[in-house]
Amino acid sequence: MSLTHIDATGAARMVDVSGKPATVRDATAACHVTMRPETLALVTSGTAKKGDVLATARIAGIMAAKRTSDLIPLCHPLAIAAVTIELTPDDALPGIRITATVRTTGPTGVEMEALTATSVAALTIYDMLKAADRAMRIEALRVIAKSGGKSGDFTQG
Amino acid sequence: MSLTHIDATGAARMVDVSGKPATVRDATAACHVTMRPETLALVTSGTAKKGDVLATARIAGIMAAKRTSDLIPLCHPLAIAAVTIELTPDDALPGIRITATVRTTGPTGVEMEALTATSVAALTIYDMLKAADRAMRIEALRVIAKSGGKSGDFTQG
Amino acid sequence: MSLTHIDATGAARMVDVSGKPATVRDATAACHVTMRPETLALVTSGTAKKGDVLATARIAGIMAAKRTSDLIPLCHPLAIAAVTIELTPDDALPGIRITATVRTTGPTGVEMEALTATSVAALTIYDMLKAADRAMRIEALRVIAKSGGKSGDFTQG
Amino acid sequence: MSLTHIDATGAARMVDVSGKPATVRDATAACHVTMRPETLALVTSGTAKKGDVLATARIAGIMAAKRTSDLIPLCHPLAIAAVTIELTPDDALPGIRITATVRTTGPTGVEMEALTATSVAALTIYDMLKAADRAMRIEALRVIAKSGGKSGDFTQG
Amino acid sequence: MSLTHIDATGAARMVDVSGKPATVRDATAACHVTMRPETLALVTSGTAKKGDVLATARIAGIMAAKRTSDLIPLCHPLAIAAVTIELTPDDALPGIRITATVRTTGPTGVEMEALTATSVAALTIYDMLKAADRAMRIEALRVIAKSGGKSGDFTQG
Amino acid sequence: MSLTHIDATGAARMVDVSGKPATVRDATAACHVTMRPETLALVTSGTAKKGDVLATARIAGIMAAKRTSDLIPLCHPLAIAAVTIELTPDDALPGIRITATVRTTGPTGVEMEALTATSVAALTIYDMLKAADRAMRIEALRVIAKSGGKSGDFTQG
């Protein structure tokens, strides 16, 4: 098997998608941020106004989805049609679970946009809590569902 | 304990660093990308020209370090003085281990820059290999060393 | 009435436009910058070369239209088809009147692009004249015309 | 009086600040968004979760402050030390009052950063409410306080 | 003959492409970087790992193609479908020859994207070698081939 | 001689400037755009309003200087203190001569900023005139003067 992003001489290239049809495509990525229980409590306890931690991460993730082709060298610019980010505190981790779902009508899939949105939402949570907990970790960033496109739909854990 | 990025009313803010001295500060972050052995072989086998996979990820990570304050809402813009990215294929994972070290002379630390560089380097590897392996995962993104600044030096695994 | 950019749980989201047809859509926004008469005279008197004040504002506005989805968190990236900016000195204000008209062929309207272009053109005028007049104000930024899209055409003062 | 951003031949230029000392400088800008009372009620009534409208505008404003020199052609890039945004619903307008305060330790003032942050926060509110009210207006964008720098401190209404 | 980017009053504008069909369009640009023979030897001699000089320039060029409408004021944003960059050391110059080919399916041509990619790849080579040779020059940047669009195909030296 | 941007293993890196003093540094770059005489006449003849061609290129060059570290992978972000662009029509070419001078107070030189500003100003002229002349070329882009920094001052043709 060869790599589509590397040509026969070994050089990186942005692959040609001009012959691919524009269809509706979705991708969902997920990860979680682990932290100490008392760090998680800073987000979940107290007044409703603490919602700004999660609101900030959500906005950062949505905006990052739109910057994906600026960050990932061989990604195509895409007309993103929808982005949603879910942030769920989970005492069992303890930490915060994140999923991002991105939709486009375009010639290529949006896994990278979903992964980038998830990743930047997680980094934003890290940034807002890092003064309280320097041992946080971002774990298990992966694509959990994809639909549309010729490679077929799939879901995975 | 309160969160520095959230004010007394619960609103997000960029904290004031104008009173902090500009000193040399370093941070190193790390993560790894896990993949099937035959996916890793696409990177490590063959001619030296396959180096473009790792070279592309390295450049993406360096450039992302400079974009950190554009991506993470409450991060301060910083004069980054140095960035290095290490990418090490590891048959034991199997996958690729990534570390990024960032240095600044400035009033705040560079953990977020190191984490962002590491994350974008990992996402770039994912992008270049995703046609071959849809089950890759990015794991264990965390800060492993920090020096400079009043919170003191530390290293962790 | 509910807000389309906020889901049932109160979280911000980028709304799904994948089902909307790509049609030609126009929007025009306007505002004015008020200033002291002698400040306005710095722009309008003297040689034709003073034209660079208005030329700079015009270019800034056009470029800002293209950055709208980078600035406004829930805006969709759009293929902008045309941008024109009009800058008219008005002794009666005294000040400068600004309108920006943006066109796209896409699934959503371009009010935000027209407003952003108008706003950044006004801010650029402010920047170039602020050493002479610290009491300038940007007033009455609003959409004055819109056409295309299912919500129907309209104009307003 | 001549314009510092225009040279003797009428050409735009970025003025030389290399001889100016880096000192702490603050600026506060303000504006308000007027809307129908029932539009304002969409933001202020209901559950605390509606907070995402104001949280989104706040984050957009903070991030825009950091993009100022990218948007305004002759602005110098600055190391922004702090940004705070206040968003206050006001039934008397009816609408939302916005102020942004920016601080730097640098050779030039931060009026443009404060104005840009205020402006983008207002545009974000407009974006989130525009489906409900197409007659909103952004009014009275101006600098209301400035300190630091050789031109002296001032406040104005 | 008049200039399409300047209206009847002499003002710059982004021309309206909403009436033009989206078709496949290609453009190839080229330039070369001249340098001393011993500078070129730093790139071409030694181990295969020196490939990072050319790999870095290639990635910079590909990423710059995607930034074209952000840099060139009156360029339309385009959905870039493919980018390839060729970098060929040439002892006869001595120096490095660069070509960039860009493809889109869109309403306007991609000459500017090809020129921008070529230019930034050349600047990146300059940056990486400038400590060794301050007399390098970038020469003969031009479009060498174009196809698609109503103005017809052409090639030139 | 070795390359500072490539480490001992051949990998690209952003070199450490944290130990270098912040001093005033200048660089001037130059190039020219050659075109047919009748193309040049479109810029130089007619009313003063045609000035928007040169004004647009000037603004694009100034803004590009500020984007240099975003475009050139291993460039350090710098606090640019001043930028001036000169655009001189020259019937003898025929074409337009461009120089850009950039100043910083920082730890590294600004050759890349001057070259990037010159290059983007030239590309903008190309863009505005390309409908009239597809055989334009950008020639002789090089640094013509540099001062400040330990490598010493120099000028060259």
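We call the chains A, B, C, D, E and F, going by the order they appear; numbering starts again at 1 in every chain.
Here is the rule we use: a residue touches a chain if its C-beta (ideal position, glycine included) is under 8 Å from a C-beta of that chain, and two chains touch if they have at least 3 such contacts.
For clarity, every value in this text was computed on a predicted model and none was experimentally measured.
*Asks:* Looking at the contacts, which chains touch subunit D and subunit E alike?
*Replies:* Both-contact set = A, B, C, F.
*Asks:* Determine the set of chains touching subunit D that also touch subunit F.
*Replies:* B, C
*Asks:* By residue number, over half of the contact pairs should agree; on that basis which option among B-E, D-F or A-B is the same interface as B-F?
*Replies:* From the options B-E, D-F or A-B, the copy of B-F is D-F.
*Asks:* From subunit A, which chain is the farthest off, judged by mean CA positions?
*Replies:* When every chain centre is compared against subunit A, the largest gap points to F.
*Asks:* Just grab the chain with the largest centre-to-centre distance to subunit C, centres being mean Cα coordinates.
*Replies:* B
*Asks:* Any idea how many Å lie between the Cα centroids of subunit C and subunit D?
*Replies:* 15
*Asks:* Based only on mean CA positions, could you tell me how far subunit A sits from subunit C in angstrom?
*Replies:* A distance of 31 Å separates the two centres.
*Asks:* Provide the C-alpha centroid distance between subunit A and subunit F, rounded to the nearest whole angstrom.
*Replies:* Each chain reduced to its C-alpha mean, subunit A and subunit F end up 37 Å apart.
*Asks:* Could you tell me which residues belong to subunit C and also touch two or more other chains?
*Replies:* If we look for residues of subunit C contacting two or more partner chains, we find 11-12, 48-49, 51-52, 55-56, 58-60, 63, 67, 70, 73-74, 77, 79.
*Asks:* Report the complete set of touching chain pairs.
*Replies:* A-B, A-C, A-D, A-E, B-D, B-E, B-F, C-D, C-E, C-F, D-F, E-F
*Asks:* Once bound in the complex, which stretches of subunit C touch subunit F?
*Replies:* Counting only subunit C, the residues touching subunit F are 48-49, 51-52, 55-56, 58-60, 63.
*Asks:* Which of the residues in subunit A come into contact with subunit C in the complex?
*Replies:* Going by the criterion above, the answer is residues 24, 55, 58-59, 62-63, 65-67, 77, 79-86, 103-105.
*Asks:* Within their complex, state which residues of subunit A touch subunit E.
*Replies:* Against subunit E, subunit A makes touches at 7, 11-18, 69-70, 73-74, 76-79, 106-107.
*Asks:* Would you mind writing out the residues of subunit B in touch with subunit A in their complex?
*Replies:* Counting only subunit B, the residues touching subunit A are 1-6, 9-12, 31, 38, 42, 47-53, 55-56, 59-60, 63-64, 67, 70-75, 111-112, 115-116, 119-120, 122-124, 126-132, 134-143, 146, 154, 156.
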